[in-house]
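Shared between the two complexes below is chain A, which pairs with chain B and chain C, respectively.
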Partner chain A sequence: MKTIINEQDRRNFVSQVETMLHDKLAKCYQCGKCSAGCPVNFEMDYTPNQIIKMTELGMQDPVLNSKTIWLCVSCNTCSTRCPKGFEVAGIMDVLREIATRKGIESKTEKEIQVFHKVFLDNVKSNGRIFELELVGKYRLKTKRLFRDMFLAPKMIEKGKLRMSGDKVSAINSIAKIFRDFE
Partner chain B sequence: MSRIGVFVCWCGSNIAGTVDVKKLTEEAAKIPGVVEAVDYKYMCSDPGQNSLRNMIREKNLTGVVLAACSPHMHENTFRKAAVKEGLNPYFVEIANIREQVSWVHEDKERATYKAMDLLKMMVEKVKRDRAIEDVRVPLTKRALVIGGGISGMQAALDIASGGVEVILVEKEPSIGGRMIQLDETFPTLDCSSCIMTPKMVEVSQHPNIKLYTYSEVENVSGYIGNFNVKIKKMTKSVVEKDCTGCGDCWNACPMHKNVKSEFNINLSERTAIYVPFPQAVPLVPVIDRAACLHFKKGGKCVKCYEVCGPKCIDFTIQDEIIEEKVGAIVAATGFDLMDNSLYGEYGYGKYKDVISGLQFERLLSASGPTEGVIKRPSDGKTPQTIVFIQCVGSRDPEKGVPYCSKVCCMYTAKHAKLFSHKVHGSQSYVFYIDIRATGKGYEEFIRDTIEKDGVVYLRGRVSKIYQDRDKLIIRGADTLSGNQVEIAADMVVLATGVIPKKGSDKIAQMLGISYDKYGFFTESHPKLRPAESSTAGIYLAGMAQGPRDIPESVVSGSAAASKILGLFSKSEYEVEGTIAGVNKTTCVGCFYCQRVCAYSAISKEEIKDRNGNVIKVVANVNPGLCTGCGACVNACFSKSIDVKGYMDDQIYAEIRSLAI
Partner chain C sequence: MKLAYYPGCSLKGTSFEYEVSLLKVLEVLNIEIKEIPDWNCCGASAAHSINHNLSVALPARNLAIAENNGFENVLAPCAACSSRLKTANYELGSDDVLRKKITDSLDMPYNASLGVSNMLEFLLNAVGKENIKSHIKRPLNGIKVASYYGCLLVRPPKIMKFDDPENPVSMDELVSLTGATAVDYPYKTDCCGAINSLSKPDVVMALTGKVLYNIKEHGADLVVVACPLCHSNLDVRQREIERKYSERIGLPVIFITELLGLSFGLSPEELAIDGHMVNADKILQKILAASR
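On to the complex of A and B.
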């Protein structure tokens, strides 16, 4: 793949990512520790360290359309192990958010993209996760209402799925976090 | 009649575990000429040495054979013990039954048999030993340093401060070498000329240093302690002692647009009478006769002479040959850069804005052609984007050289850093293969350049550079993301590989020191004798040995100096007596020996009759140069050369002893 690096575009993209990430892309020295320990690396089209380098070089299109940013499960193994203390998992979150705002729809990971939106909406309105609402909305949006339905009774029995949600008391603070980020 | 004492050492169980030392001792006592044979647990211990001394004294021995460890270990120990009893040290021989027998064999019976053979050989050898005296060579306590760069200057200063007279020869009109061309130095960013000029002045003012600039060493003969050096002092056409360095002459010179400045690497012009840079030491101009109108137009132009206050310009001064005697030499001839035009794809020479790292250094320098303002050569605009390409010629066994030039990673990072400091909002890209930053504070410097100054590093090489209007388009690869990339830049800086100074191979041949296939001088031992050349009395310093940075060059200069001061701390230089000797009666003067001698130790000697007529010419061995390697012995057709201590009759007797 050939990429023409446009200095201004590169700087704009890098500064957008760095502002949201609160970290410097140049910190990464491409050792590959993140990719070495990533549990979902085998499914990714670009390894996490490639995503960092491509972002630094301003390669917006391939980065925002990559499978990698959606496949990341935010397990934070990478961030925990990074010898330079770089927010590797964080950059995936930031890139997901930028892609969402730009209206870029992932061609391969549609369901994950839907889940991302539903999950954040859920957190935004409740301050925490209300599982029943989350599952319901996700199933409705992906039009697979009855998938995994048989798991519900067992989960209810074990107290994993509550029938009524409760908001955190400091919901205003949660709203502020979202406002700040947006 | 020989009276030989044999000592068999157990070396604890090292030898006794594999060799039957008792049996060996009994057998040794039966060899004709052996007076007594004894064995002992540790011959090198004080009691062991004492038993050796006692037997020499009591039995009036003429020779000693030790069956023990390698002579590398304790030959000296036992020789010293023998000397104390009045025996010539060369009457002590060692049969190596540890490294050559017990450590490498398992079968005790056969090992003992082999040990016996080695012992018998040594007994036959010692029977035929002659007393050998060590050779003492007188020392001329003066040193010559070739090259006035930082390592040569450091060597000269250290030797001179040790109270020894030094002759420093520099080819250029000023000392300072490559370092004075640099702007700031990594990783501390101290200004090169600020730390360099005081040192240069110190060199020129030191009472023990005799400085010859604009001069070349033309011939070196002799050997350690006694070198004769011919120095060609090229004419400056200026009477040095009268010149005040006022600058009237070069301001008056009409030839100010025709000659490219060597010091600024073609980025500016100089006059025909010139000093290479304002802080030159000595601050005395030279006339470049190839460019000067006076010499080109038959003496018409005398403008510089007219304006010269002290009238120190003299067009008639000729080159001069100066002869000096020295006892030791430091070769610090420095380095050059490879030819960038090897790589057509980078467009060096085709596009004005593709320059070398050293040229960029001049652009950064306050004393450079742009007075420290970064302007690109084509149109004088300040560049906003620069692409740096590393490993141009280095690490390229196909087109360039296979070795790493060691300094490029660091100076490229420094260039990118200084560029970001000087031009705010600018951007640098660096194409690299690996980053090699192994010095003190180097890695931190690189990371700082990337993280604080925002320099973008791309791991990969550049395939093509072409011009698009006033931009250079650089196409390369970023292997980390797996992409081909294209960057539009205003300027490209090539980190060109380092090669030995042009003509350093000639210097090496003149000095008789060895050099590798690239032309770098080789050390006597790469790890344990890094300051010494292959020839005694000649020491090495700086980049002439291979790529290195400034601190390493300074260290190597000091190392060479300390070796020389150590050499000069004795009244005479002592050489082992086991050197070659010529039988002048049988020598036919074919000088085949001279051709095979790696140390230039053999010269021609005329044998004259009483009327002074030359009867014949024979080979003569210089004891100061001979190492006793024996190459000449093999080459001699008339069997006229022998190495003392290893004479033919001894070797034959050793072999014959095995047949008995």
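On to the complex of A and C.
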């Protein structure tokens, strides 16, 4: 792992994260409470407290390429328990957004990235989620056409899978939101 | 008080049982709600995960439509929706620059005057325990019910401002009102993994399995939830979890509105309980037999 980091780059990265987060990285004193309570810590490559420290140290590449930022389920247990009131779950959102803007493709968690993208595309075109279309497009993009297929017959029988979705009538207003912010 | 209703996408799709049962229950309680006209998706977990502006703007459109239509309060029964509406409301109310940016894009004013309630909050505060109690015709005595809260109803506490984030009791209180016995267990706010249900099913099954087996160990007959995403993981994935861990669970998972509806004397069909994947016939027979 590259350990020598240009101080200017470090400061730029820290400042970008802190501006988006509306919080200060130096608040964290590395007690590890966030990582202890994290429900998905067993799958992560770096624990949440490590991510905070690495961000503070300017270790942009390993942080933005980590599995951790994508595996975080935003359950907010970390932020709720942080004795310093640091936005732990918030930093995961910020790092995911920076990674997305930079077009970084996760090597291991690409499916999670694809899901978010397909979800927002569905909102963009319908204004609401049409579940069948969402799942279909997601399966096509991830080439996992048959995963969860065995659930489909019973879900249809139970009336859980609708064959058509509702659309927002003023779809232009949704298009404008996406034009302004996407 | 004019009450707006924000159903969200799940209640019109995979979790239609939630909407059917909540409308029935509110009908019994004689409470009128009005769907926000032309509402849109709140952006759920996807928007806040990769695009902060969208995560505020999408819920803000609904909030602004409701406010401009003269509503003072919104009921958002989906825990994910209520969490996104509350978060957007909080940010719009505390950050003038952000509010200007968002309202300019929406081309609608928004003064962040609206109150947002999740289902439990609404039942306990707007409806009230006494009112609920007065409608109970079929007490659910002898039925052991575990309330599963998950994450988004109570966390983060500074925005949700509802119940205790580590040991919430509001749903247990509603369970007790029906005459059923509230089962205490340690994992009631542990995450089911909702956000990654499709993209990381193995992780989700590990998390959800942990919760379900824990509930089972504590002797519950039934699980109640107030979130369609929790419901989807606990109910729809339950068979798969049983297969994965080679141990039967067999726990029906129903919405809190369905439990209330049963205690109000409504039939399981009226509450769409037959729409769930895990069969609830055994416990329903016990409930119906006791009331005969």
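Basically, the second predicted complex is superposed on the first by the 136 of 182 C-alpha atoms of A that agree within 3 Å, B and C clash if a C-alpha of one lies under 4 Å from a C-alpha of the other, contacts with A are read in each partner's own complex, and residues count from 1 in each chain.
One rule holds for everything that comes next: a residue touches a chain if its C-beta (ideal position, glycine included) is under 8 Å from a C-beta of that chain, and two chains touch if they have at least 3 such contacts.
Note that the structure is a prediction, hence the values are computed from the model and not measured.
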item: Larger contact residue set on chain A - chain B or chain C; value: C
item: First, second, both or neither for A:7, with chain B first and chain C second; value: first
item: Touched partner set for A:53, first chain B, second chain C, both or neither; value: first
item: Chain B versus chain C as contact partner of A:135, first or second or both or neither; value: second
item: Contacts of A:30 with chain B and chain C, given as first, second, both or neither; value: first
item: Touching partner for A:102 - first (chain B), second (chain C), both, neither; value: neither
item: Intersection of the chain A residues that touch chain B with those that touch chain C; value: none
item: Contact footprint of chain C on chain A as seen in their complex; value: 20, 39-40, 43, 71, 73-77, 79-80, 89, 93-94, 96-97, 100, 109, 111-117, 119-120, 123, 127-131, 135, 138, 142, 147-148, 151, 154-155, 158-162, 165-166, 168-170, 173-174, 176-178, 180-182
item: Residues of chain A defined as touching chain B within the complex; value: 1-5, 7, 11, 24, 26-27, 29-30, 46, 49-50, 53-54, 56-57, 59
item: List of chain B residues in touch with chain A within their complex; value: 385, 427, 429, 447, 450-451, 454, 456, 458-459, 478, 480-488
item: Residues on chain C engaged by chain A in the complex (per definition of touch); value: 9-10, 12-16, 38-41, 43-54, 57-58, 61, 105-107, 151-152, 155-157, 165-166, 189-191, 193-196, 198-201, 203, 207, 236, 240, 274-277
